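One chain, subunit A, appears in both complexes that follow, with subunit B as partner in the first and subunit C in the second.
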Partner chain A sequence: MLKLIKLELFKIFTRPRTYIGFGAVVFIVIAFQISMYFQGKAIVSFILDNLETTFQMSGNIINANLATYILLNGLLIHIPILICLVTGDIISGESSSGTIRLWLQKPFSRSKVYFSKVISGIIYTLLLLMILGLFSYVLGYFLFGFGDLVVVKQGITIFDQDDLLWRFFYAFLVGTISMLVVTSLSIMISAFATNSIVPIVGTIAIIIVLNVLTVLGYNVFEPILPYVFTTHFNRWQLLFDYNLDYHEIATTIVVQSFYIILFLTIGLIHFKNKDILS
Partner chain B sequence: MRNSLNIFLILILTNILHSQNITKEELLTNSIKKLRTIPNYTCDVELHVDVDFIKIGERKGKLIFIKPDSIKYEIEGFALLPKEDPLSKIKNLSIKDYAIIELDPETINNELCRNLKIIPNYENNDIILGQLWIDKKSNIRKLSIFTKEQGKFEFLIEYMNYKYPVPKMITVNFDIKDMKIPPGMTGELNKFYKKEKNQKTTLGRIYINYSNYVFK
Partner chain C sequence: MTTILKVENLQKSFGNFQVLNQLSFEVYKGDIYGFLGPNGAGKSTTLRIILGLVKSDNGKITFLGNTISFYDKYYLKDIGALIERPDFYGNLSAYDNLWMIAELSNLINPSNRINEVLDLVNLLPRKKSKVKTFSQGMKQRLGIAQAILHKPKFVILDEPSNGLDPQGQADIRNIIRTINQHDNITILFSSHILSEVEEICNRMLIINNGRKIKEGKVDELMSEDRMQVSIRVDNMQKLIDLLSSLGYIFFVDTNQIFTEIKENEIPQLVQNIVANNINIFEVNQNRSLENYFLKLTKN
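Up next, the complex of A and B:
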């Protein structure tokens, strides 16, 4: 199994498209933090304008924590696309090139082959998120330093620097689960498809459609929205509530874990019965 | 024993009569003069902000006062501080620029205080209306001011038992408008389609405790 995973990782990291994701993340972080460096005060001032008439503010409001927090919002839009580029191709790429036939003739069970691809996809997703988080934090530290985090969400909450590391850790964990839903969805579609375009575009299309429905059809679809996985993509923000709603956090984790298991199971069933001769 | 009690009562009565006898202008002048005697100092401060839609823990730090009215806070982390310093505002008041009206005395923090209203004589004054409650020691116990730029502020002041009228605790009451933030900025996209309530005004409070004064 380990050998299979190594081989899958080798395949992933020898493809140029893998580095598009990493490059894009690095570019997004640099571009965002540079714009924050020059225009951060104006943006923050726009948001906190109401308070500035009443309060005198002291302390470093633009810091690595704020930069990382705002960048995490990118999970909702940018990161799923970058994940699909690699994980959407993970099975269908081999189907279209025909190498899947060679693979499945080897003395490995189809389940093992499938899970080695899933684990490699998960490792890629984790790496992408780790680079986003760590690079944002480190670059933010060098550009702005650390400081308390001002979160604008149903009012204003100010978190002490000492109270942030664990929140970021768990927020990344919840965010990672959201992105693993994307990974598993694209792998599932990849198991069905015979070319790479379908899973990549299909996954992105599903996410966009569900996001649009969430926003535009809020009134109509409100009862089912808690069970739609895209609704949970920004639930990592729950970790930045002053009083944590453990029930909501647990619900988010359960709903998303359910989708991960569902997508991977459907993918596995299809992959095990996949006709590779036609 | 009886004699000393009589002397004590006479002294208190004299003091009360004296404080009642001085004119409202003299009373305000005395308060201002007293505030101007405060030398440079540093002290420890603890701030607690109590506003409905702001959640922030207590902040601790140092306050550095340099005559005549420079106040600098050295506070760890991000802090919301009162924009107005009540005592500096009064210290810089020029009595001739205001009409003073005396109202009925009121008790503030168990201290009977004379109640003065000040109305500016000129339109370009930053203070639109002010009200001061001054005790018999000429200390301002309560201050309510309407300013052009910052709206209404009310300060309740408790003093240290020092030679100078430096505060032990100040409670700042103010009106603040509820925040209206575009949901796109908070990531709560579905909030667009929830009914938005009118931007209401709520009462905010800042409690500031002062301690460990070091006069220079």
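Up next, the complex of A and C:
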């Protein structure tokens, strides 16, 4: 199994497509933070919803913490696209090119082949998020330094710099679980598809449709929204409530974990039994 | 003769279309076993079922004495395969592609073996080149290299000469002969280039519409059939008289005579011609497996 994972990672990291994701994350972080550097006041005004006209803000509001917090919002649409570029292709790409036969005619069970691909997809996702988090934090530090974080949700919450590192850590963990739902959804579709386009476009389409339904059809779909996985994509923000709602955080983790297991199981059952005709 | 692969009553349908219908055959150790059939006859499906790529609806496959199962892939350690077209990772070199397969096959110190098989298929000088720069023939040879890399006991080659020029086809035939004789590997060889099967296989199976039409030794199957023989001699009239007296049906072209005859009757005919003081310049047998194959599959 370890050998299969090693070879899967070898394949992933020898493909140019993989570095598009990493490059895009680095570009997004740089572009955002440079614009923040030059247009900081306008951005702060937008984020604080013009509250600075009511309150007097002093100190270093534009800092690495704020930059990272804002960039975490990319977890909703942008990062899933970058994840799908690699994970959506992980089985279907090999089915369409025929290289899947090279693996399935070796003495390894299909379950092992499948899970080696799943684990490699998870590692890629984790790396992408680590680069997003660390690069944003480090670049933000060099450009702006550290400082307190002002969060506007139902009200304004100001977090002390010393109270932030653990919140970011756990926020990234919750966000990572959300992105692993995307990873497993794209791998599941990839197990069914025979070309790379369907899983990539399919996963993004599902996420967009569910997000639109969540926003536009809130009244109609309200009872089921807590069980829709996209509803939980911004729940990492729960870590930025002054008093943490542990029940909500646990619910988010359980619902998303359920979807991860569901998607991976459906993908596995299909992959184990499908006829390889490519 | 030791049976290495035994297929019994194999059945497979895709939807309502029955691809294989009670197909049975046996491959013996040391065989180069030809697997013939027109397009859509079920050859590739059969090979994919043997390799665990496709699930059969019914039937039994025994490999090296053990019944194989779709979910148990352990038997594949003794099998190498090249199915239809050779697919590799184009952005990797020939060496890296084989290195991955060597890792999958648990080869210890794979470098030597990789160089050995690349040398066998004449790709050693290009081992660092990316596969996407390879011609079709080079990919086919690399496909054979990956199939034999882990020194399997049994190799399945599905139309390995597909799309190759005559020189490429000859190269592939030489490689197949070498690995069969030198490495003692049994080969199941599917091809639509029938002359190839006739040239290199010792036993063969002909299938059509998923059913077995004929199975046996190539030379025995061939001797069952009448072939066309062309004869060029110094005295055409004497030969015409001789063939008429012996009861042969024949026709005369400008400077040669064509007649239909069984293969094992050729020596006797030649002796008769010589005994009648007719000098033979040329005797050609024009019957080929193509005719035989077409006749069987048409029926």
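Here, the second predicted complex is superposed on the first by the 264 of 278 C-alpha atoms of A that agree within 3 Å, B and C clash if a C-alpha of one lies under 4 Å from a C-alpha of the other, contacts with A are read in each partner's own complex, and residues count from 1 in each chain.
By definition in this document, a contact is a pair of C-beta atoms (placed from the backbone, for glycine too) under 8 Å apart; a residue touches a chain by one contact, two chains touch by 3 or more.
Note that the structure is a prediction, hence the values are computed from the model and not measured.
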(Q) With both complexes superposed on chain A, which partner does A:Pro107 reach: first (subunit B), second (subunit C), both or neither? (A) second
Q.
Looking at A:Leu7, would you say it contacts subunit B, subunit C, both, or neither? Reply first, second, both or neither.
A. second
Q: Could you tell me if A:Asn73 is touching subunit B, subunit C, both of them or neither one (first, second, both, neither)?
A: first
Q: Check whether A:Gln161 is in contact with subunit B, with subunit C, with both or with neither, and answer first, second, both or neither.
A: first
(Q) Comparing subunit B against subunit C, which has contacts with more of the residues in subunit A? (A) B
Q: Could you look at A:Gln237 and tell me whether it touches subunit B, subunit C, both or neither (first, second, both, neither)?
A: first
Q: Check the residue A:Tyr141 against both partner chains and state whether it touches subunit B (first), subunit C (second), both, or neither.
A: neither
**Q.** Shared subunit A contacts, counted only where both subunit B and subunit C touch the same residue
**A.** none
**Q.** Residue ranges of subunit C touching subunit A (in the complex, touch as defined)
**A.** 48, 51-55, 71-77, 79, 81, 83-85, 87-89, 91-92, 96, 100-101, 103-106, 146
Q.
Using the touch definition from the top, list the residues of subunit A that touch subunit C in their complex.
A. 3-4, 6-7, 10-11, 14-16, 97-99, 101-110, 272-273, 275-277
**Q.** Residues on subunit A engaged by subunit B in the complex (per definition of touch)
**A.** 47, 50-51, 53-61, 73, 76, 147-148, 150, 152-158, 160-161, 211, 214-215, 218-219, 225, 234, 237, 242
**Q.** subunit A contact footprint on subunit B (complex, rising order)
**A.** 52-57, 73, 75, 77-83, 149-151, 174, 176-177, 179-181, 185-190, 192-194, 204
